[in-house]
Every structure is written in structure tokens, then in C-alpha cells.
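Just passing along the structure, written as C-alpha cells.
As written, the chains take the letters A, B, C and D, and residue 1 is the first residue of each chain.
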């Protein structure tokens, strides 16, 4: 596939670049494959030179020969600095509090950053059975903060009421008397803009929109009464330098850059 | 004091047919582990061939082999923390069973990954429960009454009593894992992703280890730290090359990503799924025939090159 | 996407002097682990040279290096599950402190081995407690109020509520371990007995890894399963060959059993113990001088031969 | 050192041979260095061909080139079938219930097989500070049964009242409502004879004496009112075959055979 001209930035490119900037000076990232990989690798080349990705499969310090297709891809293992067992990965690294930023996705998110990846409809007899938590519950409870990247921003995904809360943020945990380590979701990066919250007790607020997107557009695409920051920024578009690194160094084969 | 090889106890090597017949019974709880890497697919297929019924399958990532076992009518209950076809799509049969209870309902116990890890840890360590810092505020405890809370007998960071969720042990009747190699008595060596296999074996009452190859005792003993499962925990060693397909075996063959993608389509259509089982499972006598039928050209496409570990010196007394 | 070496972050290699000065402070809780194998003796000696005071030392097997640190006045509290000189006899200074409070009392928190293991597990996993099936009926809870009980929220085997002892986490200010090798950023590889080192490092706020040698990144990366402690958990890498003497480093040098036997006699006599410290610790600038003073003939007596692990294939994509 | 003639059997030889017979058909033994090693290796050649020693250091299936001097001796590691971490050894193997027989020693033992290895005198300011539990508490709580080998049989060691109970047998545990896995101490092998009990609720009783030892002698050497079995056997002395195997195959260098 040929390199796209800078003026036609794809949604993957936009989201990766915006997410990469949010990783400035972070050290350890727990990430899946796809957009989080792109964002982290770009951040490594730009704003977070010492960043390390830890994969749910147990890989730390991967040096893959090819872009991995899964978090368990053999190319992540060969040449890695360490491969940990599940008890070490989930117990010592994640629950132990060593992850600065965890990346998560979801079918549904609410204003507090609680996530649903279990079912659409009723849990007992759902309309759609989704894969479930995987390690998302642990990423949320134990990372210092969580970034959510969602391509589609619409009222069904950004909902006032989750069909099921698989992965609770710290507000829900605290309401039950359980004190989580981190702030929960602090950034939600979508095709329309960026929602943010600092931590417990705060709703997600719109803090920035992409060029050409209005605050009202984002509100209409959100299933709850979305509050906006006093001054909503416009996200600076990807720079030529960012796009060049992403296209030529991070993913020249356009494995994830669709 | 050096013991002779013949005195070290009998070989546990047997065929897949024998191992499944001996250790996997109707109604049993069967743990099948391997996180993306070393998925014991061939063992699942033999369970299907032998027509096992009413199994409770325990598996962190319920993926293709679980969908196949459900479709073949082997499974009445599933305990899992991820029910999806990796990042390649859905498990058609599993979704039909849960969303429409068709053709029959499937009981499902839902956990998070670490919840499953902790159930194996508790099971392997004979603990009544294992604590973890997840589940607070989740809806999962409302649909899974085995997720409970304990109050710590030590004050929390704020000086107040601290509560924490716990999960119960899981002790499968039999645990099945796939590994790169073992010696004939079951000392099992795994490298690359090692997941939860060792704990799953220790949690099980019986354990079947399926391997790419059985190696000489000396190979295993040259690197005892590589032995994740000692022989005392193993009941059967089954030699089954390429038995983890479509998953991979680090250093032996790569993942068949195309098949993962294809499975979302195959499993979406019950007829197509039945035809697939008829051809590839019921229509093969064993995994060797499955491997043959895929053909050497196919396997060449999954071949991997060499990247050897540098040896370490264990030393010997001079 | 391959990262260049220089971009992977700064080297953590520093001298023992620098590492102890930076990370071991008066009044700190210091975990020193290594179960008979890879005992971080040289680090203990540097702590003595720098005159640290009022340390709480956490160590499963409080052995010679602990006796030396106590004798040097560094330690006010000991947390341990075995206070003896291996099978070679007693720790003279430790016994004087406990039996006669002379020259000063030593606070002692007594556990069993697995109690200590579980404290490290809880500490490394950020758990408020860790359950274990020991301590029921023991007198230890009567002298150690941190041994407490929890009632399981699941019924016991007889259907009645089940109680189990728990231990609290330990989170040392700094953990010190000795290992065979690491890369310059702290990815640490250990073989032979691996004990509780990885969990002790994760439990610590800071970690010093003392190694026989720093190796090239490629050596470590040729065998990622051998890395028990990843770089993200390590703060200092100290190169200190033979720094585990009189214990051993598998594949590097053997145990100095004669010194273990001698220590029972040396430590029995406070004068002789003081003289030993004066000559071998205060009288040496660093461990290199200690090694030199023992002499090449001495080290030849502890040399080991070669017994290499057979390499495994991690594979590479073709 | 030269081989001792069969008629002059040393105390080490006697205890090793008697202990080895008690291991008939056992599979997994948790043992320290010394007499338990000798007993287990002899049993391997006689009454328990599939016996495996698991060492507290984590070694399973050792094939040492020399007799080990400690449970962590480098010669136990090189050529072993497996070397486990401490959490795996204590958690999965021992607490998991995989050990048939654990060997323990003690400074003091009482009639229920409770052990003291902590202090002589008061714990706070003891006359003698002993090493403590090590893994003994775990061996007692989790092995199916425990053998104790004590060279010296005298009223200070075989005591009515322990100065301190480091390692409780199941009777003490049950009194506190904790249910241990195994039977606790089932055999105590001394220079005078063999004490035995089947498990919970039973005191140690004298079941056999060595040739030439009387029941009264053992009673006098025991600090509690020792009960004897209805019929006290005489321990058959080591056979020539047993002694030959012990001296020529198990410990030809007489490392432990003092």
C-alpha cells in the first residue's frame, strides 16, 4: 500500500497521533494490539523515549522483527527482554502497581468511565454476547490511569446507562467500599475529540474537538448530558513529522493503519 | 548414588486416544489451558471424537477449540474470562447457545482473566480462596455468586477495615495442556508464553500433557529451570506434533491467523460448522491424519526459522 | 519498529558504594534474599562499611551475612523464618543478642518459611494479606500478633465455616538480590535455585540487583524466559563478581562450606568476630579487595566445570 | 574411611535402615540432608523403587554427581529434573498435597508429635535460641504423614510439655479449628526404638525396640508417661544386604554415615 498524502489523514492515523501525545513522559503502558501499539510506538519516537509496553500475554520489552498481529504473536516473544507467567504479569506487574497507563476499549462507556464488554441486553439472555472482561477489569483497577480509544462516537456506545458494568471505574468501586489504585479512565480519544477526567468524583468532560467538529456535534453523539470544559481546545492536527514517523517507521506495511 | 534410568519409574507416554479415554469422563470438569500459545486443540478434537458429554470446561480464553467442543455437544457448562475468537471475530456456536439457547442452553460462569488466574492459584495451592483487587463495583458479582468478599484482619491504608474480593479454588478433574517437550515420565518444558499452565496442572486431580516431542532424559536435565511441570504432577504424556494448530508452538510452528479469521465465518453458519467438524474431526482418525490432510505445503507456510537461546552453565563439581 | 539500543533508556549500572549510598538509608527496611544460593554477601558488607544503623532486615534464612550485619551494629530488627548458620552451626552474635540482649537487644519477628514467602507474595501483588495453611495450633501467633485469621466466605469441606491464617504484606524500602547476570538496564537472569528473589524485588520500593556480570542485551534477549526480574522493577545494577561468597553462584563458583563451618567458631567469640570484621570488611575498600585478598588459589578451590544447558529454539518468522 | 564390619552397626546406619523400611511403597518424600537422604536413597534401592525426594530448596528429581552437603548443594541442581521457585515449591507441591512423607527433626517433641525448634526456655529471653521453623510448619501441616528421626532419646527431648510449640501436629491445629491435610507425626525413629501413632487423637506409643533395649529403658528415656503397644516388637537388625547397599552404593564416601 502506498503512503497516503498528509492532507488525507485516516481515522487510525488521527487517533494514533492524538493518543501518542497523551503518553508524554509515561514509562510503562499496558496495551493491546492495534491503535494502542501505534500510539505507543509513535510516542517512543516523539514524547516518551523510555516508554515500555507490557502485553497481557506476559511480554515485557519486546523487540519484534515484524509488527505483531496479536498480543501473543511469536515475534513479540523472540528477542524480548522478559516473558512472564500469568501470576507474575497480573499479580506483580499489574496489581503490583507498575503500569502508568493502561489502554482499554469497550462496547459501552458511561460518564464515569465505567465499561461494558460483556453483553448488549440482559446478561442471562443477551442480544449480543461480547467477549467479556479478559484482563480489562485488572487494567482498570490497577493502572495509574486508563486511556480509552474508541473509533465510533455515538450514543449507543457513549451511554447514560450501561447494559452491564463489566469493568468499573474507581467511583463504582469506592461506592462498594473497595479502593482501587488509580484514577480510572482519564482520557477517551474518539473520531470527534477528547473527553477527559482527573479521577474519582469527576465526570468525563469534552476538552478538545478535532478541527471542524463542534461541541454540539459531540454532545449529540453522546448518550448522556456531556459537559464541556470552560474552554474547549481544538486538537492540533497531526504534524507532517508525526505522520512521517507513523507511516514510514512505525507501520510501513500498514498493518494497523487502515 | 546416581540412579539408573530404568529405575526411575514407568513411562507415562500413551496415545491421545488412551489418555482421553482414561482421564476425561462424561460429566467431568476439564481445564484446557494455553493462552493463545500452545492451545491443546488436538486434545479437544479427541474429546469430540470420543463423544464426551456434559463437560464443564474451564478455560481463560474460550476460543476456537471450545466453540468446536460446544458445537459437538460435549459441553454443558463453561467457566471463562474471555469468550471470543481472539481479535479475529466471534465464536458462532457459543453465541447461539448464550444468545438464543439454541440448540441447547450453555451455563456460563463469567470471570476476569486474573479472577481465573487466582482460581487456579487457589486450586493449585489448596487454598479456600484467593484475594484480588478486582471486581469492586462490577456487575459480575450480581451474576456470579462465587465472587465474594473478605474483610482483611489488618487495617487499610486509612486505618479503617479493608474489604477485598476473593475467588474460590478450581480443582478440575483433569487438566490438559500442550507443551513443546517432556521426558517420558512427564517432566515438561515450556518456553515462550508460559501462561497459567503449571498452576492449572497442579490444580487438577489428573493431568494430561500433550507435547510436540518426547525428548531424552538428558535434554530435560540439562536445563532443570525450564521444567515448569515436574513429573510428579503428570499422569499422561501424549506425543502429538502440531497438536496446537491453529495456535502456535514457539520455535516449532507459527500461528495460523487465516484459520482464526475463517472460523468467524465457519462458526456463524451451523451447517458449515457441522460440515467442518465432519471433515476435520469426525472424518479424521486422529491428529496425525488431520495434519496429513492439511498437507506439507500448508505446514511449510507456518514453518519458523532458528533463534536459539544462548546456553547457560549449570556447572559441575570438579 | 526495532528500537535502537541507545533509545531504550539509561544504564542502571553503578558501583556497590553508589547503590548502597543511594538506596539503603538508616532506619530502612531492607530485604536481602537468596536461599542458600546467591546470597548478597558483598552488599551486606558494603552496608557495614557505610555504617548504616537501625535497619529492619527481612530475610528468610538469616545466616552469616545477617550475623555480620548485626555484629556491626546495623540491625535493630530482624524478620526471618530460620536463624541459623545453615546446617553448620549457630550464629553467635544473633544468639547473644536474643539470649542475653548483649550488647544490645534485637527485635525479632519469627515466621515459617512459607509465611515469609507469602509475605513477599502479598507485598509484590499489593494484597492486604495472603492466606496459608500453616500456623494452626502453633505458639508463634502468641508472640507475633501479625499472624491473624480470616474466615473463608465459602463453606469448608464439612460444610461448616472454615478459618485460615493469613500474613500481612511486606514492602521493604529496598530489596537486594544477587544474580548471575543482567543487562545494563536491569533485566536479570537467574538459574539454578531461584527462591523468592523475583517476588522480593517486586515487593520492594527500590531494588538493587548485584550480578556476577553484565552481559550484552542480545544475550538476555536470546532467552527471555530466563529473565526473572524485568528492568522496570530494578533501580540499580551492581557488577560484583564472587559477591555471593561464601554462598555459591550456580555455574560460576561453588559454596565455601569450610567458611560456613568456621563461622560458628568465629561468631562464638565476640573478639574474634570483631577481628574478622576489621580484617575482611572494614579492612577492605570493596569486594574486589576482599576477593583479591582471598587469592587465586583459594578461588581455584571453588571453581566449577562446565555443564551447559541445551539451547532451545525461540524461532523467527521467515 | 574403611567399611565397618556388619556386626558393628553405627547409630547412623541403624536409623537409616529402620527409616528406609518405613518408606515402603511411598512416592514423594520431603527431606533434608543427612539421615533422611540416606533412608530415602536406601529405600529407593529396596522397598520404594519409584520414590522421589523433593528438597526445600526447590529441587525435584535430583541426580547428583556427589552426595550433597546441603539441601541447596549445586550438585543437586545440575542434572535435576526440575528446579522450582519457592512459591511453586511451598504452594503447589507442599501445600498442594503432593508429599507422602515429610522428614522432620526437632529439639523437643511431645506425645502428640508437636515439635519445638524455636527456643529452650522463654521465647522472649530464651536460654537457647534455636533456628526456628524453616519450612517445618509447612511440612507438618501439608504432608500426608511425618517421620521424625532423633538420634538422642532422652527426657529433655521427649518432653511432656514443650517449651514452645513451633510446629504443631494436627491435634493442636484442630483444637484451634484449623484442619490440616495429614496425620502429623506417624513415626519417631530413635536410637532406642520406634514410636508410632496413626493420626489425630492418638498419642505416640512404643511399637518396637532395638535388640537389647527394654520397654522400661525407653519409658525412662521419655519425658511423658509413654504407653506401649500391646505387643512391642523387636526391630529386626539391619540385614547384610541393607548395610552393603548403604555403605557401598548410597554413601561410599561416608559423608553422612558417621
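Here, contacts are C-beta pairs under 8 Å (C-beta built on N, C-alpha and C of every residue); 3 or more make two chains touch, one makes a residue touch a chain.
In this text the structure is predicted, and so the values were computed from the model without any measurement.
Of all chains in the assembly, those touching chain A and also chain C are B.
Of the two chain pairs shown, C-D and B-D, the one joined by more C-beta contacts is C-D. Between the Cα centres of chain A and chain D there is a gap of 57 Å. Chain C and chain D have centres, each the mean of its CA atoms, that are 29 Å apart.
The distance from the centre of chain B to the centre of chain C, with each centre set as the mean of the Cα atoms, comes to 35 Å. Between chain B and chain D the centroid-to-centroid distance comes to 38 Å (mean Cα coordinates, whole Å). Multi-chain contact residues of chain C (touching two or more other chains) are listed as 121, 126-127, 132-133, 156, 162, 164, 192, 194, 198-199, 222, 225, 250, 254, 304, 307, 314-317.
Contacts with at least two other chains are made by residues 59, 74, 77-79, 83, 91, 95, 142, 181 of chain D. Taken chain by chain, the contacts fit none of the simple shapes, being neither an open path, a ring, a star, nor a full set of pairwise contacts. Across the whole structure, chains are in contact as follows: A-B, A-C, B-C, B-D, C-D.
Those residues of chain A whose C-beta lies close enough to touch chain C in the complex are 27-28, 41, 44, 49-50, 52, 54, 59-61, 63-67, 74-75, 77-84, 88, 91-93, 95-98, 142, 181, 249-251. Of all residues in chain C, those touching chain D in their complex are 35-37, 61, 80-84, 86-87, 94-95, 98-99, 101, 110-115, 117, 121, 132-140, 143, 156-157, 162-165, 192-196, 198-199, 248, 250, 254-255, 257, 304, 307. Residues of chain B touching chain C in their complex: 126-133, 146, 148-154, 156, 162, 164, 166, 168, 180, 189, 191-192, 194, 219, 222-223, 225-226, 250-252, 254, 303-318. Taken together, the chain A residues at the contact with chain B in this complex read 32-34, 56-59, 69-74, 77-79, 83, 85-87, 90-91, 94-95, 114, 118, 123-138, 141-142, 164-181.
The touching residues of chain B, when paired with chain D in their complex, are 1-3, 7-10, 121, 124-127, 183, 187, 198-199, 202, 217, 220-222, 224-225, 227, 229-233, 314-317.
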